[in-house]
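Mind having a look at this structure? Questions to follow.
Order of writing sets the labels: A, B, C and D. Residues in every chain begin at 1.
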Amino acid sequence: MTKHRGRGIASINYPIGMNLGGDPSQALVHSNPSGKFTVSLSSIDLGQGMKSVTRQICAETLGVPVEDVYVDTADSDTGPHCMGSFASRGTHRVGNAVMAAAKEARGVMMEAAAEELEVNAADLETDGRGNIQVKGAPHRSISTKDVAIAAQFRQGKTISGRGIFLVPLSDVDPETGEMSPATCYAHACLVAEVEVDDETGEVAMVRMDSAYELGRALNPRLVEQQLVGGAWMGVSHALYETTEPYYPDSSHGPRDFVEYLMPGPGDICPHDIAVLERPAADGPFGAKGPGEMCANPALPAVANAIFNAVGVRIDELPITPEKVLRAIKAQGGARSQPRR
Amino acid sequence: MLELRKDIFADERDDNLKEIGKGTQRQDMLGHVTGTSTYFDDHKLQGMLHLKTVRSTHSHARLRRIDTTDAERSPGVRRIIRGADVPRNLNTLLSLINFGIDDEPSLAVDKVRYKGEPIVAVVADSPREAYEAMARIRIDYEALPSVFDVEEALKPGAPVVNETYPKNTFTYYDKYDHQKLRFGDVERGFGEADHVLEQRYQMSPIEHAPTETNGSIAAPDTNGRYVVYTSTQALFFSVDTCAKILDVPSNTFHFIGGTVGGGFGGKVDTITEPLAILGAMLTGRPVRYMLGREEEMQYGPPRGAERIYIKDGVMRDGRVVARKVRAYFDSGAYTRLSSYAAVKCAAHLPGPYTIPNVYGDVYCVFTNRTPATAMRGFGVTAMDFAIECQMDKLANLVGMDPMEFRILNAYRDGDMKAHRREAKNTALIECVQVAAEKSKWPLRDQFKRASSRKDGGGSRAVIPPTPRDADAQRAAALQQRTTYDRAPAAAVREAPPASQPSPPPPPRPQAPSHGAARFSSVFGTRRR
Amino acid sequence: MPVTVKTFATSGEAAAALSSDRGARYLGGGTLVMRALNEGDIAISTIVRASDHALMRIDAAGSRVTIGAGVTFAKIIAERDLAFLHAPARSIGGPAVRNMGTVGGNLFASSPYGDFTVALLALDATVAVQSGLGAREVGIEEFLQSRERQAGLVLSISCQKPASADAFRYRKITRIKPKGGSVITLAAHLPTSSGRIVGARIALGSMAPTQLRAKSAERALEGRPLDATTISAAAAAATEGTSPTDNALASAWYRREIVGVHLRRLLSGQE
Amino acid sequence: MSKSALQFLHNGREVAIFVDGGTSLLVTLRELIGDMTPKFGCDQGGCGACSVLIDGELHLACLTLAETVSGRAVETLDGLKDGPNLHPLQRAFADNFAAQCGYCTPGMLMAAKALLDRNPSPTRADVVEAISGNICRCTGYEPIISAVLVAAAGGRTRA
């Protein structure tokens, strides 16, 4: 037999944000005269879905349909300061800033509605469909559009809000490393199954099963994008990627996508994912950030699966066929471990 | 396939929400599928020039002479930019949060420290004309010895990569050559352990490989300002870095970005914007500077390599009682963000487990390679690889199921973490349980019943007595590998390290200071 | 200076233009020359093209096939009479590259490219080259040894069709699927006569700076039936005479280790 | 300057321009015609972000010498919609969340169109082969493969 299957696991946690320098983000929310809202950010959407997730956070907080919100990102003249899209801070930091801004805007909107309906603002609620109504008496309602017109043209109010979310600087104790690097942590466990060819050292992915705890999946489709693509990247890191294939020797660095190896559409395997939600005390609706940590468990899970399949430990990344083959030869052949 | 396990932690959530939790379509999807999403390079400006850089062919060399006279006369050339043209030709990215010392020029002047370091920028009417001019630039190098291995770089007599840090390691708190983590007494832990296992792990550099390479277009605006279309992942980081390097107020710039063709950490470093803007300033024309794919792969900053040694003490019943980690981040020739990664990495130790004795030394080391930067999982990805491979070996060593082994050691609510903060809102155990369920991996009942919300805290909440370094045995650098998986139980205990005279204790500063992190930029004082 | 593009009606004129201008390169499918231009190869100052239909012709009706140098891999895949070349053609690039890349260009593609040429080498193809002195036929082995010095323009390649589908086998070992650069590439032509192999040809890619024949392995096969013993002997001899190097895709050590394994699998029809 | 005249069909519309010798079709489309849908990803032929159809065949615009499309029909993502209506592939990509950063999407869609134009009922393996020249760094490919299969099935199922 030349092909051996094995399973391996890894479990990890990951800090959300990184506040060793202080970690602020700001947001501005304002309504136009038709009751449609714009969120102004200097935050970046590099594919992770910044525009979309902050849009939902804003809509939920304002109590308006998501279609009534548009997120404008990354203009230094109109968007207030944001540290940037890194360290899994988008959903958590920017989300919180948007939430704060939307809360302030909602306060003005409810005041304006109260004036129009001649009730106390505390007695009003939003229906999530673009109307503001008296609690318990939904027939007494006004649309956000009419509120916006009234605020703008009669009441002289600006339905807008400013938000900042700052995790203050944490100093580090130089002697012990005592610090507060993050306020919450996401978690994951991934099981990888691989097939190893003991004559060539080639490793093929068979399947993955995983569980990710993310505080709250604000948009499950966006979360799925991150987790599926992230696990792919984790496998890619585990088995393929390096800019210096003979590190620390720096020769033979890849120059193009033929030489820089990443799994192609023919190398992928089924991946079954469960998402758990244990809300973070300071996350927007409890959310943490899935973007980075989703890649991490795949690397060791694959390495551990290779051990299970053929009995060799490869402790250097990437786990190339060469490393596997050398280890199998050094061991005197594949030694499958008890099947898990 | 994604399944939401709403049943778990349901009592901690209010799911009565209207927009949150829905799989709403992305705001940008229509733009993506119609090709109308506008990336930085999709701005077509009248009279746009092209900037390309001449890069070092040596990994370490003195620059004896740079002769651009012939190139200046090359057809289509609008401007040759050299280091002397850069107003403040020395920067370090995290100076914006007062972390570290300026150590990297925009264009090398007297020395190059990695192969591919930019030396001269050529601004020309077309890429072809830029290439033709580049071929006419003469650079005399005096090659210097290079160092590529992180541990070699730390040895006395190693070539000095970056004179700002003559010991080839970033300086923490103005006095240490590494970031420390100290929690409990690892040496005592090893002494009590049934097995001790030390292993070495290595990761090599990784490219972010976004389908859009790094780039920017800078153009003079109508009011004396400059508009900059950019692929940056961190807009104000880029604005402020450019303001500093070009020595102008930050409101000189109108940065526009926000729709970026992938980043993964590779677009944080502001590597194209300063030169693109400078080109626009010097020519009065729009200037585009976009990395080619080979440049992106070899000279765009990678996820840095890491070398990690982990030494663990484990009991026969599976409890990990001590974990000692020594990690080296290969920062390449300049600091960029690796100094910060090392701190984040130290805070991450010993992984999501409650281990009573933890000791970490994390180094940020300079070598003659492309400077490293952040990438998805920054500071943690390689450490997780090492820790989780190590956990698998330990489970094997004590004959435990690897899932159950992790549940046994998992941190729980109320436990004290090694960076001396209480663990809250933990969920590692539940993730392991659900992954086991999904993969039909059998767990024994006691492990199925375990919970992150039970059995934490109490004695696990205590900060254990922690010897000061000066009092502790200065552990020699133990780098030998031990055999493990096949070893008979208890046969892998290492000999205790030979005792050495302790160095005198370093003076303790009044307050932590790494020039210390006050976020200032954008934003008030830049330096204390 | 911008590049000058010269398009000629005949391959003879194009060949003459190439030999008279050191900065001239012939543009086939564009995968080599355009990439070089994009990446700043200023040594190229002239692009030469030929609209000669002969370059696009496939003559595959008889037992000997002739394929114009300008024929793309997609055209080969679409040609039923060239079924024996479908596997090598399919192993090149993705669909776009196969619509562009040509048989002629592949002869000049250096490692890790040039896989189709491995197949041609196993088929003992001949290369028709047009130079200032006229057209001539060169054996592919000789052509490859001197390809850097080749003056003129490749017009076509031709080879004998294998006697049966089983007589010609090809495999490209890649890290990435379905499109990846070659770790090693193998092609075997095994004509048989009364159950014995006569005129075995084994060609390898990525086992030396240029594609080469594994002559020891060929000798191990020659005159023998294709049985397990013969296959083992050929596999054991696969590395002889090779000089693989390290590159980003694999090391020389690894290539040497696996070439025999893959040759054995190829010859025994194993996945 | 040695510019040469060039005429071709761009998404069904005739265009006539002058190009410098050696200019690629990618630069021609983006800088001279203003069609920004084909993306610059590598200029090496390795990523597929600039994929376009030439006379119905998938080509890489970055490796195509502009002069070679003279008199031919070039299709880009810009021409995929039917007026305001999305092409079934565009709808399927959206419904399947088959784009994240969106930079590879124009090339992926053109590669998928090239497949479905010739093979309206592809297998999964056909789809994998069809997009094999296109790099996606975000999605892990699975949503893209699903989207193409869904589009081929007339948008009836979510894979």
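The working rule: a contact is a pair of C-beta atoms (placed from the backbone, for glycine too) under 8 Å apart; a residue touches a chain by one contact, two chains touch by 3 or more.
Model, not experiment: these values are computed from the prediction.
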Handout entry: Greatest separation from subunit C - chain, by CA centre
Key = A
Fill in the blank from the handout: Contact-pair count is greater, between C-D and A-D, for C-D
Problem - Centroid distance [mean C-alpha coordinates] between subunit D and subunit C, Å - result: 29
Fill in the blank from the handout: Whole-Å distance, C-alpha centre of subunit B to that of subunit C, is 44
Exercise for the section: Give, as an integer number of Å, the spacing between the C-alpha centres of subunit D and subunit B. Expected result: 35
Practice task
Check each residue of subunit B and list the ones that touch at least two other chains.
Solution key: 25-26, 28, 126, 128, 209-210, 259-264, 292-294
Handout entry: Per-residue multi-chain contacts in subunit A, two or more chains
Key = 46-47, 49, 221-222, 224, 228, 230, 233, 245, 253-258, 260, 262, 264-266, 271
Fill in the blank from the handout: Residue numbers in subunit C touching two or more further chains are 2-3, 37-39, 178-179
Exercise for the section: Using the contact definition from the top, classify how the chains connect: line, ring, star, complete or other. Expected result: complete
Practice task
Write out the stretch or stretches of subunit C touching subunit B in their complex.
Solution key: 1-3, 37-40, 42
Handout entry: subunit D residues touching subunit A - in the complex, by the definition given at the top
Key = 42, 44, 46-47, 97, 100-103, 127-129, 131-132, 135, 137-145
Completion exercise
Per the touch rule above, subunit C residues touching subunit D in the complex are 2-5, 7, 27, 29-31, 34-35, 37-39, 44, 47, 49, 74, 93-97, 99-100, 178-179
Problem - Complex interface listing, subunit A residues touching subunit D - result: 46-49, 221-222, 224-225, 228-233, 256-258, 262, 264-266, 268, 271
Handout entry: Parts of subunit D lying in touch with subunit B, wherever the complex brings them together
Key = 20, 22, 30-31, 34, 36-37, 39-44, 46-47, 49, 76-78, 80-81, 86, 90-91, 93-94, 97, 99-106, 109, 135-138
